Structure formats: structure tokens, C-alpha cells
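The structure appears below as C-alpha cells.
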Amino acid sequence: METISDNNWLLTILVFAPLVGALIMVLIPQEDEQSHKQVALLTSLVTLGLAAFLLIDFNYGKAGVLQYFVDTEWIEVIDAGYTIGVDGMSLPLIALTALIMPLVFVYSWNHIPEPGNAKAFLILSLILETGMIGTFVAQDLVLFFVFFEVVLLPMFFMIAVWGGENRRYASLKFFLFTLFGSALMLLSFLALYFLTEADTFSMLVLTENAGEGITRGTQLLVFAGMFLGFGVKVPMFPFHTWLPDAHTEAPTQGSVILAAVLLKLGTYGFIRIAIPMLPEAAEAWAPWIGLLAVIGIIYGALGCLAQTDMKRLIAFSSVAHMGFVMLGIATLTDFGINAAIFGMVAHGLITGMLFFIAGSVKERYHTLEIKRLGGMLAQAPRLGWILGFVSMASLGLPGLAGFWGEFPAILAAYEPAAGVSEQTFRVYMVVAAIGTVLAAGYLLWLLQRTAMGEPSAEFADDPNITDVSTTEWIAWAPLLFGIVLFGVAPGLIFEVTDLAVAQSLDNCITTLTGCEVAEAAASSGSGGG
Amino acid sequence: MSVVLGLAASGSVPTSSTVTHSANWFLEYAWLVPLLPALSFAGILFFGKRMPYKGAELGIAAVALSFLLSACAGIAWIQHHDDIGYHAVQNSTQWLQSGGVEFSAGVLVDGLSVMMLLVVTIVSLLVHVYSTDYVGDDKRYTHFFAFLSLFTAAMLFFVLSDNILQMIVGWELVGVCSFVLIGHWWEEKPNSDAALKAFLTNRVGDVGLIIGTITLFFAAGGGVTFDTVRINEAIVQGEVGHTALIVASLCLMAAVMSKSGQFILHTWLPDAMAGPTPVSALIHAATMVVAGVFMIARLYPVFFEGMQIGGSSINLMATIGAITLVFGGLLAFVQDDIKKVLAYSTVSQLGYMVMALGVGAWTAAVFHLFTHAFFKANLFLGSGSVAHAVHSFDMKKDMGGMRKFMPKTYVTFIIGSLALAGLFPLAGFWSKDEILVGTGGWGLLGGTGGNGAYTFHLLMGMFGAALTAAYMTRCVYLTFHGEFRGDRSHGDPHESGPRILVPLYIMSGLAVVAGFVNLPAGFQLVGDSWTERFGHYVEPYKSSYFPAIDHATPSWSLAVAASAVALVGAGAAVYYYFVKVDRLADETQQSLTELPDGLSKSNGLAAAGHKVLVNKYYLDHLYEGVIVAFTKGPLARAAYWVNQKVIDRTVDKAGETAVLVGRQVYDVVDQGVIDGFVDGSGRVSDATGEELRRINSGKVQNYAAILFAMAAVLAGAFLIIFAL
Amino acid sequence: MLLNQFLLLSAMLFCIGVYGVLARKNGVLVLMSIELILNAVNINLVAFGALTDDVGGEVFALFTIAVAAAEVGIGLAIVLLIYRNRRSIDLSEIDLMKG
Amino acid sequence: MLAGIAPMFGAAEFVRPAIDWHAAAPELTLLGFGALITMIDIGWLERARRIAAPLTSLALLTTMVPIITLALDGNDRSMFNGGFVVDDYSLIMKATFVLAGYVVVLMSTNYIAEGDYWENEYYGLLLSSILGMILMASARDLISIFVALELLSIPAYMLATWRKRDLKSNEAGLKYYLMGVFASAVMLYGMSLLYGSAGSTLLVDINDAVSALASPSAVVVIGIIFVVVGFAFKVSAFPFHTWAPDAYEGSPTPVTAFISVASKAAGFVALMNLLFVGFLGRDDIFEPLMWALAAASMTAGNLMALRQTNIVRLLAYSGVAQAGYMLAPLAVAGTVPDKALTASVTYLVIYAAMNLGAFAVVIAVARKTRSAEISDYRGLFHYAPGLTVAMTIFLFSLAGIPPLGGWLAKFRVMEAVIEADTASGLVLGIFVAVNSVIALYYYARIGFSMWAEDAPDGDLTPVNVPLSLGVALALTAVITIAMGVVPGDVVGRFTEVSLLAGG
């Protein structure tokens, strides 16, 4: 398969720049918090700069091809290579990660959560960044696995140390769940390695091979392992229970990172690894994935309606939103997968933003209990309006980013890939569409009870309740801008992902209807509304 | 930007022969119309508070410009139409691509959209001006104008959309603006409740919109396009399976029902009156709520085929419209809140439009949309003017006799009421008449044509006309006649200022003249070149994307009959209120709003023997006891009861149930089963570990025993295995 | 061929030794029981060595004897230490640590 | 065959077997130093105290020299008819033992010196135990395995009892001793049976004999099982682990570290020698046996560790589970012998680094808290961030979280069991996966205590870490991380290992 190796130093630097920053911070004494903040922010800005350069330099005409491709030996004995590259599927996610982290650091400027210790907190965040970007660039299963797991420890400690009351339970649960999934996923990777003749962990080769020579039964098993690994991370129903706990307890920054990027590792795994490498199994599993996805949509929404805690509600909404993403993926069409990637980015921006808001609310009111809140629009109008705006984006309002993750996913479910039951997916389509109503329900309900009405007596004259501060504005503005930008011009992302998705689906053994449509459209030489 | 599609498409995708390239500048650049208010939204949002008039001037300027552009576009369209016929101007650009398919965004300028541009910009402009006074001292004044601008932009964007995907965007955006503006005074819970209800009800309909759109995309758009023209053409050319169209039209109908307040999904609309009155006028009367009607008009082939409108005498859409118009009219009777009367009236009028579309009277529906926008906006603004003076909307408690204080408002209100009641020669008369003609149900008495014999719908329409006249009479009486019942402690109410009155004048002027743009063919007073101008320029019947519908011939007899019915309705109400109630009020020196029940009852019992004999009493009884009392009493009350207790309750219950189910699912399934399983397996592990620890008793000889026993057991096991 | 008898003897010694290790409470007696097992091993080794005409068995036995001596030496030292600290060498009482 | 000894019977002439001095150099070096330290101790008594530890370090580092030269030389060497073999495998294991011993010395230096116990003997005993281990790595003969085993065990019994006046230490020593002796007696009985059926003490001959028949005789079955049980005791596999927690808890902590790492590794070395050279043809016995031991050890070990409150006991049980992981590849050793060996060796080496590191932290923390209760680790992060980070690295490496070394170890284990491509292998792989999760629970719990809880009594005086202990910590931490991130050539060496069977 074709790859482009120009400027291939770029990715390595991009991945490890945060780590370098972390190492520098190790040397700075703990008392000097200001320097820590500066170094962390600077490091993430450098990373963002590199990511920006990547965005500029990226060859969009060949978005389906791995670019900045590096392929060297890493751990020879297990045939694991240091293979990294970027294509249209990973580019948006890398950009998202690189964008979110500086915002987190800006936010951290005067929001280091209890019990303090900026040094450790920021170092962990930087390690997280390396892990996340690494996962998105890895083109070798072992490397992918390692980066996939690297994020666990920092996140565990972020929740464990800087979390809320119940942080012990939540952090352990998060850790155990994800490890459980990834351990089984590793088994599947190994099985894949041995079952294909190539004896390689290179994703490129394995994708090209697309499960050839593996019996159907085995494929199903191997896929099941990956399904668990990625599904827990997504998280799909019924593996989602770690998520609300983790989010509720995590500090704001942790929640933001978790929602904005970490969850995407799972879905990314599906589209990068599970489906292209085992298309036959994917096809067999698709109805089940779709089923769990739509259950997740409804279930997450119902879960939201039952919540009394704002942050927990937002967390549950992630279950629903990721359900849309998974529904798109389950269709195995490029419509669906494009929608899924868009959904990931959109969810990253929107839910990340919601968690920022939740953090700020907590800081002002010292509670997130919906019952006790109210009248935010009166006391902190800008905060209230931002909440309203982001809620609208979250419920999939067209013209804002959330819509382009949801609607095309529902659209794709109308006509899933050949070999996948159309009837089944049409039912999913209807259920998913109903899910949008529930989404509006819980978000507006939240908005009404927190932002509207008169402030409760408890907080009516509380001087702590101030409007959005400058650091908050700086941290939030890019997200808000992104939500509008991608809502108005969804093409910015779709254009990048489309070729890559088509390329990866191209290899699938079954000719997918999406591809046919694509060809038909290409030959007719025009597009329509 | 000016990439015009059309002939390039090939293959299974139908070509669009009616889409044209070169056109007048105003048609080419019609996208500027929504853009201006959009920019003004951003401007007001970011800089509004720092402007001398707090952003209002920006909004007004933008909408005024938009209006000018729309007016020019209107003229341009007429020229364009005269030159080359009904050839829509489409102007699009690539928006996004997915799955190798390119999706474009663009504007579709044809008679329908130009007409909508005009309506929206006129009403919006007047509402903007009106609002500077009406919400002048509101603390969220700037914010109010920002959202008025955004709404205007979204609505214009919606009507100009050249594809359904874009329509969804506009559709939802207007919904959000409606949400925000209904909840403008969010401090009060009922207001935010109403806002939520509006949005959620619309979301329910959106499920239909989404599924219907998707169905059309694949079934009619070939999986490559959302383009309305191409989808319509494919359907007109019979390339689309009937099942898909039934599904699509039913789904879209659900969306229409929610947006345009059709029966059973209409309950949010009266609640939406919680918003400021200008908002009600603009959004919940003149423009947004007709989005559903517009969508049917825009995608008419879908409904025409899907609902099997042609050659039938009953179909779902027409029936829903008919039920809505009667139901809404009945409900308007029992409202004490002037805005609620108008809201139910809007529901009823929307029912007319949907019914008209349902019976195939496309032009009639769109024409009614056009006229209704003016007179209903007029009425809303008039009610706002009154309410502004008395700080209340309650007709029974706080109004009465207002004509003395507000003569100018009174006049405009009367004009609007007459137009709404459909009295000759005001706007409502022409459009309502055309709808009734369009049912094709007047065949017995000389009317001809139409797409079928929708006699039932004709009757409902007639009944509706009587109701309309009656409830508006009641409304006028309660508001403007009798004695003032409000609080005079702060002095008498007084007439509103010019920024309120001028829009009222203009609106009432339009309510008078709007009907003349579509005089029926054969209207002897003017030449043929003045008749049916509206239909001529707006209805795309000569284009390729419109189904072959039949046009009914106007009928004088029907016009007379309908007017008569309306007069009867009005007359009954006049008799009841202006005669009976007024007289009683004079007698009792009170300002009354209804005849006291006890009086009429005892009166009736006492006079029982005479009633049959005395003609006067007989009529009295007929009018008062049967027509008015029954309609106003049991029937309207029953309707109201159904409305509040059944439909509204259902809506509320649906919400409550969802929350309840959510709680149950969360408590039982999530925290109980799933989390319980997880935690349980943890506990089992723990317990097992605890049991296993007992092996380590601390006694070394036990350890040795275990060691040897295990060795022996293993050896024995293997020996047995190998012996077998 | 007397091998079976030797093996039987060895097996009996082994069993007696195991019984002693498991059943006796006195530390010294346990040490002696272990010696019994080791002697059972020695008998085996020598018997097998003789059977196969291989000197390896005898050599092995010699090593065993030597090592056993060292082991018992250590063992007695530990038992002595225990006795000094606890005034008892009852193995069943030594269970400070468990679980 | 039997060229060295047999002629004694046949002819009168005794031919001295050829001795490859280079090959024996590591053992001889260590032997020399061991003797030297003992003699210095006897001669100088108290005056030898100061030089005992440095001299021991020197001994171990010097021993590394011949190991390295042998490795560079690269030739496989064999003596005594294949009873003593030097190959890559044995050299890697020897290096591991020696380095582990060195780390233990570093950990012991202050601990023993401050404990008011005689030091010089301690180091002498330590050296002889290590001598037994490196001898084990080369042993391919029942006798030399037995001798090496006793050589490494007997000093360890004494070391365990080192705190003579401490009842717990007494008890630990007694239990360790009694169980050890009993297990080796059982093992010896098994060896005698194997010797009987093969007529030779050489493992290669035993392999020929035991695999000659399609179905093994009872003697062979009992022999193999008793021998394996003996070493299962040594590696503390469930259910032969019972001594381990008690012995670990009671022994001086550096000794615990030594037992839990070096002694366990030596047990594995012996087990692998036996399996791969002696019983390889009998995989119908040892594969299911190893499977059962592996599955039981990891599961039971982890479950029992869940409820521990003492960190040393917890590490003991975690050690049981770790033994299970290391045994897992042996369960497929008949199918993919090379891969299985590689996996176990890799695991052993990485395990040595991370487990020693964990014990080093335990020792360091105990310097302040005088306790090994997990509750005393609360809030460690607030007063000893360095130690906390180190402990975190070790614990999560033990849990197998990338990029720490433990992940590669587990990866190799999984790789081996999957490559076998058998149902039992796959199930074992799932066992490993699920157990990783259970194990994570207790490791992460400690991590949580250290990082996220408040120090008991709010006592935030820092922990004073002596230099040698610091070096031990740094060394193990660096190896642990490097093994996970850039294992490179080091691990590369392991893949080439195969057990050289004989001459």
C-alpha cells in the first residue's frame, strides 16, 4: 500500500513533545507552581503548533494514504515496529487532542483542583497527551496497544488524587474496566498476528490482508476480543458503567480530557483496526454492534433523565452520543464511518465544553445537584447562555457541530453495507431518531432547572457566583468557535476523512454499497443537494 | 459561489429542466437576504450593548435591507417569469462530502420562495419596529433583538433552501429561536415550561422529519442528493416507489403537525404565547408556524403522491387539517386570554392551509398563508398594543371598553378581525373562499373542478368560517366593548405610541389589500390580467417539479354561501354579546362578559311554556341556547376538556413517563443489574479470596499436608488418566 | 531380583517419614521424619544404581547423605532458636503469621 | 556416555574429565569470594564489618566479568557429558541472579548494618546462595540440580531466620526450612524414581527413557510429578505456596526480596531445565500439569492478595500469581518450546527487576514507618513523592500496564500461549487477561492509598533513603521502564535462547 514519508520526523516530535515537557517539569521544584503552569502550557502550545503545521502540510489530496510514515524496528523480538503515520481518519482526532490540551492548561491556570500539587497534575496531563496522540498515529498493533494503555495510569491518578468524594471507587472502576477490555483486545491482536501468515503487527499489512485466510469462526472470536477492548473504552452499553462514575468524580480537566479524547480511542480502534482487519466478522457483528449502539442511545438518554447531578447527567449523555457514533460505525458504510468520525470530534468539542461548564458551576456553587441550582442566567448570564448554547449543540441542533455526527449516522443506518440486514438497521434508524427527542428532553430539562428561573435562596446573594472569567473565556472560546465552525462548515472534517474512510473500506471483502454510490457519484461528475 | 447545478446530473437522477442559470441579479444574489439578518445577529450579539439604541437599529437596518432586496427579488421574479416562464433559479455551492457524495448548499429562488421572502421580511420588519416600543424597557432588550434577527435569518434560510438537508437546518434553527424567545422571560417557570414544551413537541415531529428526509434521500434522491427540485422531479416522473412515498409523506406529516400546530401536536402553540407578543406575531402566527405548510408546498409531489390527493375524497392530510381547523376554532371560544384566542385561531387557520394542501388546492393554501400572515400579525400586534396599555392579557378581568381609550388600535383590530372572519372584500375572504372552492366539494351547487370531491372538508371549512367569525366577535366585544374592568388606580389606559401604531396601520392596510393579488378568475369587476396574479407567479404548476393538479373553478354561489355562514356565526355572537350581554350589563350596571348561567337557566325554565309559541323566544332559544350556547358551551368546553385533559395531559405524561422510565432504568438496570453485576463480581472475588486465605492456617504441618496431598492427588489423577 | 523389596522398603520408609512430618508436633521428631524420607531416597538410589550397574546412584546417595547432614544441622539450629525464644518446640503453636 | 565415571568400574584407569575453566569461571569466582569473605569474617571479626558489603558487591560485579566474556564469546560450552552447560540461556539467568544478588546487597547494606546483627556471615551466606543459583542455570543433571538447589536453599533458610530474637523471623525461618526440606525430600524421592527408570542422572538420558513409551509407567508419572511438585514449592505455585506469605512476612525484608526473586527464579530455572531437557517428550504429563498450576496460581494468588493488609504478604500472594503467569508458557512448552522458554525467561528477568524494586520501596518506607501495613502507605505521595512514583512504577509494571516492563513480560506470555493455537492455550490466555484485571485491583488500591489519601496523623517528615538503597531503586526502576519502552537488544538475546540439551 502506498505511503508518504515526507517530513516524517514530524509525528515523532509531535508525540513526544509533551513528554519532553513533562521531563523538564520533573526537574523544577514543586513549589514553583507558576513555572509548572508555564512549561505545561508552553509545551502543549508547541504541540498545538506542530499539529497546526501538520494540518497545513498534510496532503489533503491523498488523505487516504498514510503520510509522514515512519516504519522502523522497535521491539524486534516480537516483530513490533515503531510504525507511525497519519491519514484522514486520524488527522481530525490528532488536531482535536492537540487543541484540547492547551485549553485544559489554560483552564488549569487558576483551577488546580484539590488537593493541589500542580506539578504532578500537569505532568500527568502531559503524559496523557503523549499517550493520546500516540494512539492516533500508531500504525502498529503493539505500539497502538502500548499508547492505548499509557493513558490509563495518568487518568487513574487524575481521578484518584484530584477526584471527588467517591474517587476511590470511580478510579478503580475506570481502571479495571478498561484494563479488562484491553487485555482481551491484546489477545485478539496476538491471534491476528499468528493467524495471518505475514507475522507482523503492522496495521497496514493486516488491513491489506483483511482477514484473509482466517476462518469465519475464528474471525468472529478475534473480533469479539477487540470488540470488548474497544467497546469498554467507547463505552458501549453494557460496559458503560465506569463512565458516569469516572466523570462524576474526575476533576474538571480530567472529565474534559476523558470525554473529549479518551472515549474516542475506542471508536477509533473500531474504524482503524477491528473493521478493516476483520471485515467478515465486522459484517457478522454489525447488527449486534448496531443493537448495542441504539440501546446505548435510548439507555443513555433515560439514564440522563434519572440524574440529579449535573456532571453525571453529562456523563450519561456521552453514552448516548457515543451510541450514535457506534451506530454510524456499525453500518460499515463510508457515510456512517465519516459520520462517526465527525461525531467523535463534535462530541469532543461539545461534551468537553459541557464538562468545563460543569467544573465552573461546581467552583461557583460548590454543588452540582440540579435541584439546588437555578437562575444561572440571572446570576451569571454568560455562563448560562454558554450552557444553553452547548446544550443546543449537544442535542444535535443543525448548524452546530453535534448535528453532523448524528444525522448522517442515522442516514447511514437507512442503507447499511451489503450483507448487513437492511430491515434491522432501519429499525435502528427509527430508534436512533427517537433518541434525538430524548436528548433534547434531558438537555433542555437540565437547562431549565439550572439556568432558568430565579436563583434559589441559598445562592441568591452569594458573591462567589460570578460570570465567566478571563481564563475561562480563553479556554472556552476555541471550543465554542469550533462548535459553530464545524456546524456551519462540516465539509472541513468530512473532506479530510472521506478519502481515508473510503480507502479503508475499499479493502473489505464485501463490496459495500457506500463505495458503489461513491463511484456512481464520481462518474456522474456532479453533486447535489 | 454561483455554481448552478442542473443539467449536469445524469443517470438515474432526473434532470431538472426548470432550473435556470442566468438570471436577474436579485434572484442570483437572493442568498443575501438571509445573510443580512444573520450578520446582524452576530453584530448585535457581540456589539449590541454598546450601540446607541442597544442593537435594535442594526436589526432593523438589516431586516429593512432584506426587505428591500426581497421586494426587488419579487419584481425581478415577475420579470423573469414573464420573460422565460417558471424557471427556478438555483445557486449552490459544495457544502460537504461524505461517502464520495457531494452535498451542496444553495438557494432555490422561485415564486414560492420569493413570496415567502416578502412575507417574512415585511412582518419581521414591522415587528422589529413595533418591538422597540413594546419591549423598550425590557432588561434583555438587546438579546431580544439579536434573536429576532437570528430568527429572521433562519426563516429566510429555510424558505430559500434548495435541498431538504438545508431545510432541516433552517427548520431546527427557527425552532431554537422560538424556544429562546418563548422563554424570553425565563424567570417564571411557566414560561420556560412553555419553551421546553414547544421545543420538545417539535422534536417529536422532527423524528418524522429526519426519517422522512432520509427516506426521500435514498428513495427519490438516489442516495446522492437532497435537492428538492430533483427529488420532486423524480417523483413527478414516476421513478419513485409508492411505498417509500407513503412512508416519507407520513413521516414528514408528523413534522408538519408539530411545527404547524396540527391537531394532537398543537398544544405547544397556545402555551407559546408565554413569549413576548411581537414574537407571537412574528413566529407563532405569521412565519415559523407556517414552515410546515411551506414544506408541504415545497415538496408537494411527495405528499400529492404519498397521500394520494388526486381523485380522492378523503386523505390523512386534508382530514387532519379539517379537524384542526374546527377544533382550533372551538377552543378559541373558551379562552379568556386574548393571545390564547388568537393562538387557537392560528391553529385553526393553519388547519385551513393544511386542509387546502390536502385537497390539492395548492395555491389556495399558499395564498391563505400569505394573507393570514398579515391579518394575524395585525391582530397579535393589536392585542399587544392593548395588553401594553393594561399590562395584562386577560380579557375578562382587565379589559373591556378599550375602544374608548385606544380608538386607533380598535380600528386596526376590527379590520384584522373582519379579515380573519373572511368578510368581503378583506384579505381573508379571498383566500378562505379559494380554499373552500379548492375542496371541489361544491359540485352540487355549481362549483366544479378540484382534485376530488372533498365534501366533508368543505363542510368543515364552512363550519370553521362560522366559528371564526363568532369567536372573533366575542373577542372584540370582550376587549373593546362594555365597560373597562381593569384596575384604574394608575389612571386610565391610553393609546400606544407611533412605533406600535404605525406597524398596526401598515398591517391592517395589508390585511385589507393582500387579498386583491389573487382575485378569482372571472371576477367581473377587473380585467383578466388582474386575476389570479398570485397563483400565476407563485404556483410552479408549469414547472417540472410540480405534480399535475387540477384547479377548481371559482363559484359565486359558494362565496355567497360562505359569507353567509360567516355572517351567521358573527351574527349569533353579536346577538349574544352586543345585544343580550350588553343589555344585561346596562340593567345591572355591571361590566359583564357572559350571561350568568343561573339567569339564563331560570329564565329558560320560567319561559318554557312560551318558547315554542312565541317566535321571538324560539329564535332566542335557537340562537342563544342552541347555536351559541351549545357551541360556546358544551362543544367548546368538551373540546377544551379533550385538549387539556387528554392531549395536553398525554404530552405532559409522555415527558413524565420518560423521566420515570429513566429513573427506573437507571435505578434497576444500571445501578441494580449492570453495576450490581460488576460490583457483585468484585464482591465474589473478595469473598473467594477470603475463603482461599483460610488455606494459610499458619500451621506449618498443614502446609506440608497440603503439599503432599496435592502431590498425591496429582500423581493419582495422572495415573488414573494414563491407566484409562 | 530383589529390587521390588527394596522399592517397597523405600516406599514404606517414605510413607512413615511423611506421616511423621505431618503428624508429629515435636520439631525434632519432624526433622527425624525428614531424615527417614531422605533415607528412603537413598535406598532407592542405591537399589536402582545396583540394578542398572551405574555408579551414579551411589554417587547421588552420597550427595544426599552429605546434604541431609547439612540440612539437619540447620534445622536443629532453627529449632534450638525457637526453643530459646518460645520455650517450646511444638510446631502446632507456631502460627503468629497466617491468612 | 558416562565417560567420566563408568571406567572406574570397567577399567582401573580414571580419566579426569576435561574442564573448561572459562565456562566455570563465574562459579569459581563467586566461590573464591565467598570463601574469602568467610575467612575474613573468621579472621577479622568485628573489623570486617565495614568491608563486608563492599566486598560482596565487588564479588558480584567481578562475577559479571566472566559471564560477559562468555556471552561475548558466544560459544555454547558443555562439560561432564552435558551435565554442566553454558549457553545463552544459562548466561542470561546467571547474569540475572548475580544482578539480583547485587541489588539485594544494596538493599541489605543499611538494613543489616542498622539491625544489630552480624553482617559478615550474612554476605557470605548470600554469596553461597547465589552460587547455588548460577550453578543451577548450568545444571543439566539430577545430581547437580539437587546440589545447586540445596546450595541455594540452605543459606536462604538461615537468612530468613536472621533476626534471631524476633519470633516472626524464627517462625518464618522454621516454616521455610521445614517446607523446603520436606519439598526437597519429596522431590528427591521423585528423582530417585526417575533415576531408576533411566539408569542415568543426566537429563538427556532421562528424556530418552521417559519418552520411550507411548504411555508412561507409574514410576515415571510419580517421578515427574514429585519432582515438579518440589520445584512448584520453590516457585511458590498454588497450592504449594503456603509457606511463602509467612516466610516473606517474617524474614528480614531484603531476604524476602531475595527469596521472592532470586530463589523463585532459581526454581524456575530448575523447572525449565527439567522440562525442556528432561521431560520434553512427556508433554502429555507436564503440559496439563503446568496448565493446572498456572491457572490455579494466577487465579488463587490474585484472589488471596485482594484481602491482604500487609504489603509484604500482598507481594507474596502477588508473587504466587506472577508465578502463574510464568508457568503459563510452560503449559504449551511441548507445542512451541522455543517460544515458551523465551516467554518464561523474559518474564523472569523483568519480574526480577520490578519485584526487587517493589521490595526496595518497602524497605525504604519501613525505615520511617517501621511497618509494612498497607494503611501506612497512605499519603506517601505527600512526603515521599520519589518513592511513590517508584512504587507506582513497580506495582503497575507488575500489573502489566504499558509502557512499564511488565507489559512486555505479559505480552510474551500471551504470545506463547496464543501461538500454540490450541484451545487450552487460548483459555489460558484468557485466564491471564482476566487475572491481570483482578491483580490490578490490589495494585491500584495501593496506588490509590499512596497518592490520594492523607498521611496517617498528618506526619509529613520525609523518608531518609540511604545511597545504596537509592541506587537499588534507580537501577530497578530504570530496568523496569527500559524493558517496557526500549527492550531492544537485551530482550533480543532472550529470543535466541534454547536449552542446550547436552554435549
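Quick notes on this one:
Going in written order, the chains are labelled A, B, C and D, and every chain counts its residues from 1.
The rule we apply is simple: a residue touches a chain if its C-beta (ideal position, glycine included) is under 8 Å from a C-beta of that chain, and two chains touch if they have at least 3 such contacts.
On a predicted model such as this, the values are computed, not experimentally measured, just so you know.
The chain pair with more C-beta contacts between its two chains, of C-D and A-D, is C-D. Averaging Cα coordinates per chain and for the whole protein, the chain whose average falls nearest the overall one is A.
We define each chain's centre as the mean of its Cα atoms; on that basis chain C and chain D are separated by 25 Å. Chain A and chain D, compared by their mean Cα positions, are separated by 43 Å.
The distance from the centre of chain A to the centre of chain C, with each centre set as the mean of the Cα atoms, comes to 65 Å.
Chain B and chain D have CA centres that are 80 Å apart. Looking at chain C, one finds that residues 21, 30, 91, 94-99 touch two or more other chains. Residue positions of chain B touching 2 or more other chains, listed in rising order: 693, 696, 698, 700, 704, 708. The complete set of chain-chain contacts reads A-B, A-D, B-C, B-D, C-D. Residues 173, 177, 238, 241, 299, 301-307, 333-335, 338-339, 375, 377-378, 388, 392, 397-399, 403-404, 407-408, 410-411, 414-415, 429-430, 433-434, 436-438, 440-442, 444-445, 448, 451-454, 489-491, 494-495, 498, 501-502, 514-515, 517-522, 524-529 of chain A touch chain B in their complex. The touching residues of chain C, counted against chain B in their complex, run 18, 21-23, 25, 30, 91-92, 94-99.
Put simply, chain D touches chain B in their complex at residues 174-175, 178-179, 182-183, 186, 215-216, 218, 221-222, 225-226, 229, 233, 239-240, 242-243, 245-246, 285, 289, 292, 300, 302-307, 438, 441.
Chain contact summary for the complex, chain A toward chain D: residues 30, 74-78, 120, 142, 145-150, 152-153, 156-157, 160-161, 163, 167-168, 171-172, 175-176, 179-180, 183-184, 186-187, 190-191, 193-194.
Of all residues in chain D, only 342, 381, 385, 392, 396, 399, 401-403, 407-408, 411-412, 414-415, 418-419, 421, 426, 429-430, 432-434, 436-437, 440-441, 444-445, 447-448, 451-452, 484, 486-488, 491-492, 494-495 touch chain A in the complex they form.
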